[in-house]
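Next, two complexes with subunit A in common: one pairs it with subunit B, the other with subunit C.
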Partner chain A sequence: MSTPRKLRVATVSLAGCFGCHMSLLDIDEHVFALLDKVELDRSPLTDLKTCGPCDIGLVEGGVCNSENVHVLREFRAQCKTLVAMGACAINGGLPAQRNHLDVGQCLSAVFQSRPGMDTAEVPDDPELPLPLDKVHPIHEVVRVDYFLPGCPPSGEAIWQFISDLLAGRTPRVSYPLLHFD
Partner chain B sequence: MALGAWNARVDDVLKRFGGRPEHLLQMLIALQETENWLPPEALTALASALKLPRARVEGVVGFYSFLHAQPVGQYRLLFSDNIIDRMLGSEALMARLCHSLWLAPGQVSEDGLVSVDVTSCTGLGDQGPAMLVNGRAIAALNEDRIDIICELIRQKLALDAWPAELFELENTIHQRDALLSCAAQPGDALQAAIAMGRDAWLSQVQVSRLRGRGGAGFTTAVKWLACRDAPATEKIVVCNADEGEPGTFKDRVLLNAHADLVFEGMTLAAWAVGARRGFLYLRGEYLNLRPALEATLARRRAEGWLGASIGGAAGFDFDIEIHLGAGAYVCGEETALLESLEGKRGTPRIRPPFPVTHGYLGLPTVVNNVETLAKCCLIALNGGAAFAATGTAQSAGTKLLSVSGDCERPGIYEFPFGVTVRQVLDACGATDTLAVQVGGAAGITLAPYEFGRRVAFEDVPTAGAFMVFNDTRDMFEVAHNFVRFFAHESCGFCTPCRVGTSLLAGTLDKLAEGKGSPADLLEIEDLDRLLKQASHCGLGSAAPNPVIDGLQKFRPAYERHLMHADFSPAFDLDGALRRARQITGRDDAGAHLPQQPEASR
Partner chain C sequence: MSQPTFLLDGQSVPFDDGQMILEAARAAGRYIPHLCWHPDFPPHGSCKLCVVKVAGRHVSACATPARAGAEVESDTPEINTERRTLLQMLFVEGNHFCPACEKSGDCQLQAMAYDLEMTTPRFRHFFPDRPVDASHPEVLLDFNRCIYCELCVRASREQDGKAVFALTGRGINKKLAVNAESGRLADTDFAANDKAAHICPVGVILKKRVGFAVPIGERTYDRAPLHEVALPKLEGDT
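Showing the complex of A and B:
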């Protein structure tokens, strides 16, 4: 029997804090088992800037600007299975706390109203992605296959979840791993 | 009104209700009568007079749709928003009224004169569209009536001076059987039961195999026995007249046309279980039945059918109080009703213990539906065996059906249990029927291939709602209306229901706006499962029923609302960048987003 092909996995942090990625690195020695079974495509760990066809995409963070939308759509188009990883991807999380504020006022408060910046303009360089008026969980922008809750999900939870996916089991994070207090 | 004035009003209300905190809801309803809303100082005065935390009082006000902590119009108009009212044109009539009075739904007019909004089914499906004006029902709305109402409001005429015929409600009874043709005089059934003695009377109820008519179908005698045998000196009988299930109105007709049977049934229950106090919990929407009901109670007291030593039986003391609801569907659930009766928010209790041992104020309590209690009179008059002779093996007796929707003769039909859906459709003159919703929003949607099924606890159980939809109707719209109803009526206590009903309503909104995709149908099925399995009470677990049945039996009606795309956001992506474009002054290609990814367009 030939060894099964390695699965391609991509990861990204949108409007997140990279905490979920830190937690992913927190799987300790499981990282060897993981790398036996997967190849990484686009990911902060590989620094690749575009994503090729993948089996699994792990998305940290919500959708706060137009670039997030493009990247998320690329992931959806390229990944057979897309996972919302962590509170921000699932609910918008901390960045979504700006949702009750007017984004225009936020921008002018940051760039125009601070001491010493009273003559500054809100940056208008076309290189910069524009912020959306609200931060959205990723399932409001693309179809999402699985949700892995936690802020961040523990390394153990991520490992259990990925192990299930790799083995072809429907992922199920056991109840003790969903406790955070 | 100043604080001093409110203190005086509060004192007055306290006196009327004996200053007992379990009357909090009734006091709030009474306090609200003058100003139509409850200003903060009124709540403070009431809380301190009752020695309750103010938050407790505010929590009660916030729970009930008909209590207002914000000013509403001097005339508060609420259109019944059940799908049947909509099919009869309620939306156009509401638009006409708003246009004529220069205001938008949900807002109070600038002069504070009037506010217009929608409310859940008002129990007038046989003569809709209907509305409530300061709590009083007006049925059979049409353009002429709307224009008359607008004129009366412009003239600022007091509600009591409005033409009486506006408030007239019909008792549209089309088919009578044992109950509706009962010609017994007040007291006949009681005398019969008293002659039998308490125990023999209860055995007759056992023999009758009577089951609850409120929907769940619990055996009445078992309930009564458990209450009778519960160790306590005081027992309570409650008649559940919180008929909130969309599409049902048979309790309204019973209370309007046969109130004596209902009160006599309550007294018969008291005779069996040994209760001295009874409550009729009347839904707020049926406010205009109250004066006649109070008059009936007064007459029965005068005739000796209520009060001390009823019918000459020493120690048989029983009286009935009417408590009003205030616009909360969940209070039809018996433990939520008991909470409400105790003056609290109508949050369903955890069972067990059941009300028969721990009910109103912890006392053993029998809670029965209006129709169940009325049926008890037949058992007392004719015996349990005669009652059990009609119906089916597991469903004895007859059932009142509230028929509404696409048929020639909407109204009340009394059939023996076991009647087929098709027989009912023939009786009410329904043609080209696409679907029948039996049991209300929480019930079951039947497709034509099921019209041979029988109305009975062993096949299609129902509290009596029977809504007919012909082949011009969109069953997606029907389910959408029901799901929005549940989202509005969720009591907010448990997360699966509070959040789940809103998510379900939001996903159906998305489909209705033409932004749905196959992924959303999967999401709907997930939410259905979650609501069914994780909700605290029947409201949450029944909320997905219309959608589950709809997706199974009327799937094309849902698929018609889908876009042919993998997924589409419910919100306008490019519109979400508008504010940032404005503040940065940008309009380049990068400052825009397509609603669909490039490849899939």
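Showing the complex of A and C:
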């Protein structure tokens, strides 16, 4: 009997803090069981810059700039199953706390209005992605298959969720692993 | 004559004449979700989380009298899906940012979302601009989290005899207002030991300087889910 094909998994942190990725590493020794079943495509762990065809995409963080939009669309196009992982991907999270403010005023408050920065300018290097006027949860930009809440989701919650997905079950994180904080 | 009963999800629930479906169910140790209902106040019927189906019609369990022989559906996939949709609308209408909320773990809205396994807000977020009122020396008001259950309005008016709070505006423009010319809580006779200061099911009315006295992870709904906590203690419970 041949060994089953390894599933390809891509992960990314958009407007997030990498906390969900840290929590992913918190699955501890399960990481060996995971790597028996999956191989990583684009991910901060592989440092690959583009995403090939994948079975599962885990997206941390919301959408706060133009680059996030491109990366998220790439993930949606390449991943059969796309997962919003963590509070920011699901509802915008901390970055979305700027949403009731004007983005131009935010930038000038940070780069021009602070003491000692009176003559500074808002950075406009063409390599910098343009901020969006609002930070969006990823389901407002692409279709999302599953949501894994938490800030971050605990390693245990992530492991249960991924185990379900790998086994072909509908992933379910219920009490007491389901948390919004 | 024996006490009349109705059927809740196929199980018999006794009730007293005039008792509402939700009250009778609670007294029998059966939970029906609710946010705006509180045992100390008459039914309000605004949150609609307690919606149940009786003879094919949707009714609010908190405001519908129990009738002998009625068949009431509550904990069904259909009704729970509708409840989850109501929760999702509540979440996107305000700014419910749990990781930064000191009510997290003690919040009924959050706990009900856990109970009903709401994993996504699903709809487009409104991200409204609602400034906080930190004027009062002892209590902070964070309007971002208001779900308009009117419990503080009712508690202040009916039990504290003060009428500190009111809802103003209609529909999507509805908001919680403070009854002072300045609109600030500091300019009212509101006190930290008022009933209204302790009744908010979410994180709007918060006592200052005790926000994290109980650590995250050891709070009400960390220890037990809402559908257990919300039931009255029965004889023999510890």
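One rule holds for everything that comes next: the second predicted complex is superposed on the first by the 178 of 181 C-alpha atoms of A that agree within 3 Å, B and C clash if a C-alpha of one lies under 4 Å from a C-alpha of the other, contacts with A are read in each partner's own complex, and residues count from 1 in each chain.
The rule we apply is simple: a contact is a pair of C-beta atoms (placed from the backbone, for glycine too) under 8 Å apart; a residue touches a chain by one contact, two chains touch by 3 or more.
Note that the coordinates shown come from a computational prediction; the quantities given were computed from them, not determined experimentally.
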item: Fit or clash between subunit C and subunit B when superposed on subunit A; value: clash
item: Partner chain in contact with A:Gly93 - subunit B first, subunit C second, else both or neither; value: second
item: Contacts of A:Leu178 with subunit B and subunit C, given as first, second, both or neither; value: second
item: Partner chain in contact with A:Leu35 - subunit B first, subunit C second, else both or neither; value: neither
item: Which superposed partner A:Arg143 touches (first subunit B, second subunit C, both, neither); value: first
item: Subunit B versus subunit C as contact partner of A:Lys134, first or second or both or neither; value: both
item: Subunit B versus subunit C as contact partner of A:Val69, first or second or both or neither; value: first
item: Superposed model, subunit B segment overlapping subunit C, candidates 384-392, 510-518, 528-536 or 546-554; value: 528-536
item: Shared subunit A surface residues [contacts with subunit B and with subunit C]; value: 134, 140
item: Residues of subunit B defined as touching subunit A within the complex; value: 517, 519, 566-567, 569-571, 573, 575-586, 588, 590-591, 593, 597, 599
item: Parts of subunit C lying in touch with subunit A, wherever the complex brings them together; value: 91, 95-101, 104-105, 110, 113-115, 117, 119-122, 124-125, 127-130, 216, 222, 225
item: Subunit C-facing residues of subunit A, complex; value: 84, 87, 90-94, 96-97, 99-100, 134, 137, 139-140, 144, 146-149, 151, 172-176, 178-181
item: Of subunit A, residues touching subunit B in the complex; value: 66, 69, 73, 76-77, 102-104, 107-108, 122-124, 126-127, 129-134, 136, 140-143
